[in-house]
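Some structures are shown below for you to check.
First chain A sits with chain B, and in the next complex the same chain sits with chain C.
What follows is the complex of A and B.
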């Protein structure tokens, strides 16, 4: 069940063609490597951001490359931690421990620059 | 020319490459900012293998440096690849790329059993060997000697499994120093404890240490011995259950700890009841053990006073004995003094009675009465004699007699004394051994001993009486085997003696009885059968005769009493025969006698007696009076008769003065004390003439006659 709590219907606002609709579900993948400090920090920071800005609109998958390094191929991961937004398209990625919330929101296209 | 499709493809590809490049840039940017801690790489021939490489940096300087212990990360060649702050402090520099053994010189500790350098020198990384808790020390140039526990473990330095090692050190210097200090301290304490224990083990006093609840903490062996409780059993017990005290009579005493007198060390006496029922007299004191103001417990000091009590009792007994003997001495003096005065009175009574009785033509009725007076006087004299014997100041009348005479005189009586069941065996020396004795008194002694011998042989036996000569060279007691001996005085001095021995085959005496044998009033006889004065009187008489008394006895075999008397040194000189009272009345004609006597009655009696016999008598009351009344030198004085003890100048002082003013005067001393004779100084090199009171007129006149006869040779 989807909710669109953040958009007022009939507001007359025309979204930009490449911007994802806010009511679209966000499919996020976080690549970590075991319990390295930055992996742990990334998981914590992302959970916080999602709960604040995407509650009900996101699906998060945490992938531990320490257990299965081959999964890095799927999204061509080079460094850990890396967050990948598979949906809405286009695919975007943010590398690091996600400690800068502002940058994360922009990177995920939740907030405009 | 590229087709539109081609162009679109190219644009699309270009966009994709741009995106990839942007992603790569972002990745590199993230890496360079340290935002990642692992990289994903492909490896293998066809790059088919994907690996995740953890960035060593993820351990993080912060994490690494927050650890207080020195940590060294070594590569497989034992070179230091990383070290934290404490590790660098330990080296005094950044030791990166230096060989570990060069950067840090570790030494084994004295206490460590590990050959530290050897173990560390081995290839522990290559062998995958873990070194754990090695005690090492390290000399730091500034901080001095530090002690560490060292752990060395092989570790994988990367996901690729590159082997290295991690050395961590835990600084245990403080702990180690404390240990060393405490081991030194405990050594000192142990030494002190050993010292204290050796003291408490060796002192005779019992020590019991109790806590504030009066529970025994410690007791020494002496205390264990007294209470008959091993320390292991006493520990933890209530002290009143361990230190059980009783009164002398056996009543349980309580140990009152609250009594300040007791707690502050006042000595108390009690009897300790041991677990085995033993009783030990003790003196104990309790001392508080305080920590500041707080009472921590008490120490009980208990001394065994058995020996002290015994010696106190002995002292008490000997003091009693001494008091008794002083009392006896005092009574003796009193009796002697009274007897002396009575003797003077009796001398007068008997003297005048005799004089009147000698008068011719006396009314027979008066004569009868006078004879009664005389009898009563003699009885009184006998009483004073007994008083004097008791005080050992009895007047003896020693005369030279063969010692056998003392036995022969009473031989007939002996049979009557001892009865038919006792065989009397006389063994008298054929020698004539003359001794100076008062025969009657010596016989009294012998009779006394014979009666004792008889009492010792109620079922019969043999009574042996022996006389003989005895030469002593010293303090020999010549007792026989098995006999215990008891002797009068300080033993028999060397010399020639005659002895009389009275031996029975009776029950004998124990040592205890022997010791008290000569004590007045000591008797083993039933109440009323003996006064306890017999042997003490005998003892006194023998001593007075200058002799000694030896007693030998063995329980069950009988006793042997030996009276030892000094042999007379010279041949007997003819004793003055007690001639009849009717002396030639004019024996004193023309002779002058200076009579010095302070007792008026006695002087008058003697003066009259002398005058009746023709003497001219000069009377004086004492020495001074005599010297004053001394006639001119041309008036001859044939004899001085003087009392010894007088108010004013006595007889001896008078004799000395007379020797100066009238040398060559004959002096006859008269005295109530027989032993005065032996204490008198020689007058002109001669023993003085002496006559003991009381004496009868005839004895007195006989003595004067003998002096004058000797002087004039007629």
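What follows is the complex of A and C.
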């Protein structure tokens, strides 16, 4: 069994997952395609969530695939809008207009404050 | 009541088609898949959908210069490249040439969280970027249904798929979309609802542990298409479909004659042999020399510099070659020149249809003038008689259309009464039918051969004794005499007896002649003696007559003298006529034998 610094064997204590993450910077990419209602809603929803939960800890890049379709191929984007969390690892993806805040937080692995 | 007639001119605009380049498919669909429209290929796992999709693209690139995009949801480009390398397709090379893009899109449901509404615009963008980067004209999507396992919102998916088809159509992309076969429906997700132009079903059936792939065009809007199930084959040359409905009875008949390879058999058929393009059946019991006849025919074909394809379902090529060497045939010389091709396979290797496809394929590849199938009866182990019959009808039609002379051998078993009846029921399709059979008599088996029928020629009706030796095939007249038909040593014995009898008769005639001659000589000798005797007698008679005459003369003179002396009156002198005592003259012919005459 691998020894993990955060886990004390036998203690039963589970390290809080948000603890290290809160100190990491979230690197987020939101892929949209043009000024569609879903894209606009996604940008709005994401901004709101980030301000509420990740203030100061995130970098957001909004990519308009309508302007640069080749990126859809390289970044393997099928659904629009797609939010990709590149950091912290592992990479995770959330699709949709991000109107379901709870799902977004679960997807980004952020606990509600 | 007469039907109303419409004087309508057909529209100039006809459905444009894109040739797939897949062997046989373009014939079934009379010109390929609908150009600029999506075609749905559905089938269960392992039936060749992906192969179809990739071959459609590769042939499009190689044969029609149309670049293609392959969207793979299931297989990675590496796996795909490996899988089709066995078909001789080099995907990497085509990609490097900028003619093909293999885009792998991996969907893993566990990786994706859904939070709100979304659409699949990304997929469209991926497609767009791929298509634009190489100017693609063809697209394959394998398989679209992977989307359904990736996303839960099926209502949305359906809407997006509908949009995708419209999108593809708008861009004039000829597309092949594969889908899994569903229960009771063509596809699991009912995709056929969206693709209204062309639907092709692939099927992979196992009957008696032998698998057969079949293809059927379920729907092809705006086009005539074959509706049958067509067997198809995936081998190292890709997919080949066997069209079966395109054949008819309109093949031209050649008047050319070609040698059977056995001079005496040629003589039995007006001295010329088979018609070119005809079908020949050689049937016979085991070991009666069918394969040998077939090989002699193959040999004669190669001697003319023509190509022969020999499908052997019983023996390996090397075994046939070895066996033919014992008959003085060197088949190796023809195989090394590429004129003779042996193709050996066990009938149970494929289903019946596969064999047919295989034969088609090889005929198209090799383009032989003559094909030998040895024997067709082995195929019956695969299917019912009617199926074999149907297959042979198609095969014979195909070969006739191609102008190929075909020789089939057929193993018959049993007694004579069924010898002529059980030849897989193909006799009516056959133009020339030779029967080789064993004739058992006086403790030995001999081979007898005769021409049961041969359409369009005055063939011999004689039974010939069929002999195999190191000098080849020899056909001999059988002995037909009062004691019936004799073959083999019985014939030899009978012939020897006849020879002896003839010699005896000859001698008798000679004896009679000699006897006659002797008699003639004897008679002639006798005749000579008699003539000699007669000559003596004649001489004597002549002497006697002349004596008598002179005596008579003297007597007269004396009497006259006496009268003068007696001074008698001048009495009338005594007129004594001399006696006619001349001997009868002999005919000169009768005295031929006399010498000195």
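Going forward, the second predicted complex is superposed on the first by the 90 of 113 C-alpha atoms of A that agree within 3 Å, B and C clash if a C-alpha of one lies under 4 Å from a C-alpha of the other, contacts with A are read in each partner's own complex, and residues count from 1 in each chain.
Methods note: a contact is a pair of C-beta atoms (placed from the backbone, for glycine too) under 8 Å apart; a residue touches a chain by one contact, two chains touch by 3 or more.
As the structure is a computational prediction, the values presented were derived from the model and not from experiment.
*Asks:* May I ask you to decide whether A:95 touches chain B, chain C, both, or neither, giving the answer as first, second, both or neither?
*Replies:* both
*Asks:* Let me test your reading of the model: by the given contact rule, A:103 touches which partner, first (chain B), second (chain C), both or neither?
*Replies:* second
*Asks:* Return first, second, both or neither, reflecting whether A:70 touches chain B, chain C, both chains, or no partner chain.
*Replies:* In the superposed model, A:70 contacts both chain B and chain C.
*Asks:* Considering only the touch criterion stated at the top, classify A:87 as touching first (chain B), second (chain C), both, or neither.
*Replies:* Neither partner.
*Asks:* First (chain B), second (chain C), both or neither: which does A:79 touch?
*Replies:* Both partners, chain B and chain C.
*Asks:* Looking at chain A, does chain B or chain C touch a larger number of its residues?
*Replies:* Of the two chains, more chain A residues are contacted by C.
*Asks:* Taking the contacts chain A makes with chain B in one complex and with chain C in the other, which residues are shared?
*Replies:* In chain A, positions 33, 36, 38, 65-66, 69-70, 72-73, 76-82, 93-97 sit in both the chain B and chain C interfaces.
*Asks:* Tell me, which parts of chain A touch chain B in their complex?
*Replies:* My answer: residues 33-34, 36-39, 65-66, 69-70, 72-73, 76-82, 93-97.
*Asks:* Which positions of chain B touch chain A when the two form their complex?
*Replies:* Going through chain B, the ones touching chain A are 23-24, 26-27, 29-31, 33, 35-40, 50-52, 54, 58, 60, 63.
*Asks:* Which residues of chain C touch chain A once you look at their complex with the stated criterion?
*Replies:* Interface residues on the chain C side: 103, 105-107, 111-123, 125-126, 128-130, 132-133, 150-151.
*Asks:* Across the complex, what residues on chain A touch chain C?
*Replies:* Residues in contact with chain C: 31, 33, 36, 38, 41-42, 45, 65-66, 69-70, 72-73, 76-82, 92-101, 103-104, 106-107.
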